[in-house]
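As structure tokens, here come the structures.
Presented sequentially are two complexes of subunit A, the first with subunit B as partner and the second with subunit C.
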Partner chain A sequence: MKAYLSVFRMRLRMETQYRGAVLGGVVCQIFFGLILIAVYRALYAGKPQSLPLAHVTTYVWLQQAFFRMLLSSDAELMDKVRTGGIAYDLCRPVHLYGFYYARILAQKLMGSLLRALPMLVFAALLPEGWGIALPASVPALALSLAALLLGLCCVCAMENITMAFTMRTLDPRGFQAMLNLLMMILSGSLLPLTLYPDSWQWVITLLPYAQMLDAPIRLYTGEYALPQAPGVLLLQGGWTAVLILTGMMLWKRNQRRLIIQGG
Partner chain B sequence: MNTVRLYIRSMGILLKSQLQYPLSFLLQTLAQLIMEGGEMLAVVLLMDRFDHLHQWTPGDLYFFFGLMSVTFYLAECFGRGITGNFPSMVRTGQLDTLLIRPRGILTQVLCSAVDPRRIACILVGTVSLILGSRMSQVEWTAAHVLLLTESIFCGFWLILGLFLIEAILCIHSVKSVEIANAITYGGRSACQYPVDAFPRSLRTLFTVIAPFALVMHVPASRILGKPIFGWPAWTAWISPLTGPAVFAVMMLLFAKAMRFYRSTGS
Partner chain C sequence: MSYIHVEHLSKSFQIRKKREQGKLLREKQTIRALEDVSFEIEQGELIGYIGPNGAGKSTTVKILSGILTPDGGEALVGGRIPWRNRKEYVQHIGVVFGQRMQLWWDVPILESYSLLRDIYRVPETAYQKRLGELTEALNLGELLRTPLRQLSLGQRMRAELCGSLLHQPEILFLDEPTIGLDAVSKLALRDFLRWENREHRTTILLTTHDMEDIAALCARVMVLGHGRKLYDGSLQELLHRYDRTRTVDIRYDADGILPTLPDSVAVQREGDGLRLTYQPEKLATAELLALLQQAGPIREMTVQPQNIDHLIADMYREMGL
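Coming up: the complex of A and B.
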């Protein structure tokens, strides 16, 4: 356990290194958020919906703030597979899956916290109808934080499955891009899931991609009422467990048939 | 003329090298197709829910979306050297080798890369353009075809010009500067919708500073028969020229910035 913890801590520190780049990224992300909200506002002006505009703006800001949690991957591992460097990791007296799970968890956690905090402060300062609204209630906030943690675990499990698949091909870009796209479309990065057609809602909210960021956001805005919360958390936990088990199985299979590139 | 031959020659070589791994190339192209298809899906779903954006019908919006994605990805396809290679050339000092060759820097940078995978995005854009023009019942007179061609051509130069901003900043700061993305990629995300959807500050930004609206929305809205600012017809022919003008200004600034270039050595 200590080994995994120290990997986790090391990665946390590594993510805090390039703070200048983070600032640039945050400014970009804020600008994108403003553009999206402007479009949704214009659309709402033409045809108001039952879903309040404040929910949509809140969705956009939380989505932008935790953007890094969904879309960032462990680029080093891919290089290691390509160059054969993975042989060193195989020699370590640790469980390979756990080792990489700890790495990606730290990367995503710190990467998104560093960006989320300044962005959320900015979004809170914006006038009503543009900025982020307060959480539906104090318990809703607590529940959404818990759901966010579960969602983080779920993303990391999914990321490890992606990596397991891409380990098999030496040029992972095509395959990885496609899995990332699935994530973009089904997790709400492209368009808030709440704005997808109402008849699709029951399907897309059941998929694992909706458990990552969509579920915590809906708990925050109160879209999911408090009595629904245990069910939501259970679904998240269930998917996370399934994904971790699948990932472990795939990694084990890969380890048995992994070809080390010499050189 | 020599430069043009050189360019075509380099494109041929680059294309050959990209096609060395056909399966990977195919998968990446497919990924691009799904990505741009997803972007279009977002517009379609929004229209499904909201029916219209101010006076613009779904057909109009698909038309604007298609115009933007055809133009933007043409620029990304051929301007890959500026966005992809140039920052790393500055960082590694590789740019020095370009300085001693008897050709302009910009020519060499543009010759150094092409991204044929973008053809998939251009395809999605074309489909969207056709779909939009059908739904909005655009009459394809010779003048309209010419106007659309002009808009795409000028938009191509506008976006290349905006890509140069990042290159210029990068000469001064060595690091690749992410902030410059806000104007290019932000411009793409914003101006796939007609500019009158935005509040005044964003509208000014995309009309005066990065004139996407003048280059694309003015002619496109004329083709759709709903002039965006209520300007007279002849303005639709003049306003796209701001695109090449932006490129010319950026080219001058780029040449000026190159005078400050200090090699990172190694």
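Coming up: the complex of A and C.
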């Protein structure tokens, strides 16, 4: 167990070293947030939508704040898989899936926390109609935090599956671009999932992508009422378990047919 | 039984060839990386494993370190089968892949070592003792708090080596550890390997293209070519078998003197002197000397054995590699 904790801590520390990247990320995501909100404000001014504007701005800020959790991968890890540096990890007395899971978890956790905190402070200072609203209630906040944690576990499991595929194709770029697009659309990063038509909602909220950030945000804004919360958390947990098991299976199969190329 | 026991080991890979013109599908080609390779290695041996690129050296190392599963044959290292129970097995081995990195790029190397300590579950006191010993032997003391990215290639290789030995493995697989190192780093690395081998009786299997490494370290070498073992024995004997030519550089007092020599001696002008290549088996050195002296007074002269790299190249050529 110590090995996994240790690699987790190591990756956390590494993430804190790139302060320039954090600053750059914060500025970039704030910029994106402001632009998106300006667009929604224009849209609402022309034709008011069913959803209150404050919900949309809150949704946008939370998405932007935790952008790093969804759409970023451990470049060093990907490189290792691509170039064969993974040979070293195969000679370690550790469970490879767990070892990488701990690493990905640390990167996503620290990477998004470092960016989310300053951004949320910034968004809270903005005037109404631009900034982030308070959570629906204190229990709603607590539940959304729990859901965020589950969402994080879910993303990490997904990322580990991507890694397992990278090991087969050796070049992650093609399908990573495709997966990222899927992620952008289906996680609500591009357009809040709450704005999709009602007839879509039941499908789109059941997919794994909705478990990552959309579910915690809806708990925060009160879109999901408190009595719905257990069901939401259960769905999140279910998907996380499924994705982890799938990833483990893929890694196991990979290990069996593994060839590290070149000298 | 010996420490490493390998019998009839074979492994082939399927690769896809480039699509030929006029054909719809790419053809598959089977590459036999290892064919029926057998050998025994005793505990505490320091063995050189050589062969041209693509001979199957790395494949052997990967099989013995539990990364690859062979298609056929047996292998036992310290009584364990490498590809069974991978997690338990790798606890006892150390590996250095000269072209890859195991330490973390952006963090001080000491932290990478702590991670390795936790991965191999090395007790703290044993870890401190071993770390102290290795940092001294590898002269790493001042570098421990430096991030890997700031180290030179030679320093990095020493740091990598330390990382592979922290858990005191019984055997160390070295895959081209001196690649790209300068002379000083190479010598230091060799000294260290000799020390580790003597001090802890660590078995070392050294894969390299650097014949100087082999000559300096290994009493025994195995030569691999096209996936087969071609030679297994002392380096001296191997050299003796292929070391058939000598080079003589000679300069006479007067310019333009050309001795009369049999056809078996190759003559070449080199600056204001001559370079002769002859085979002592065909023409005894004493006879050659006599012929050279007949031609006129000799100003200076050196006799050199063949360069070891040339020799190995000749050997590979003769073995059809």
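Simple rule for what comes next: the second predicted complex is superposed on the first by the 263 of 263 C-alpha atoms of A that agree within 3 Å, B and C clash if a C-alpha of one lies under 4 Å from a C-alpha of the other, contacts with A are read in each partner's own complex, and residues count from 1 in each chain.
Throughout what follows, a contact is a pair of C-beta atoms (placed from the backbone, for glycine too) under 8 Å apart; a residue touches a chain by one contact, two chains touch by 3 or more.
Bear in mind that the values here come from a model prediction, so they are computed numbers and not experimental data.
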First (subunit B), second (subunit C), both or neither touched by A:181: first
Dominant contact partner of subunit A by residue count, subunit C or subunit B: B
Touching partner for A:76 - first (subunit B), second (subunit C), both, neither: second
Partner chain in contact with A:28 - subunit B first, subunit C second, else both or neither: first
Touching partner for A:47 - first (subunit B), second (subunit C), both, neither: first
Contacts of A:17 with subunit B and subunit C, given as first, second, both or neither: second
Partner chain(s) touched by A:138 [first = subunit B, second = subunit C, both, neither]: neither
Residues of subunit A that lie at the interface with subunit B and also at the interface with subunit C: none
Residue ranges of subunit A in contact with subunit B within the complex: 20-21, 24-25, 27-28, 31-32, 34-36, 38-39, 42-47, 49, 171, 173-175, 177-178, 181, 184-185, 190-191, 195-197
Residues on subunit C engaged by subunit A in the complex (per definition of touch): 13, 53, 57-58, 62, 65-69, 86-88, 90-91, 93, 95, 97, 99-102, 104-107, 111-112, 114-115, 118-121, 175-176
Touch list for subunit A against partner subunit C, complex: 2-3, 5-7, 10, 13-14, 17, 76, 83-85, 87-88, 90-95, 256, 258-260, 262-263
Complex contact set, residues of subunit B against subunit A: 21, 23-24, 26-28, 30-32, 34-35, 38-39, 41-42, 45-46, 48-54, 175, 177-179, 181-182, 185-186, 189-190, 193, 197-199, 202
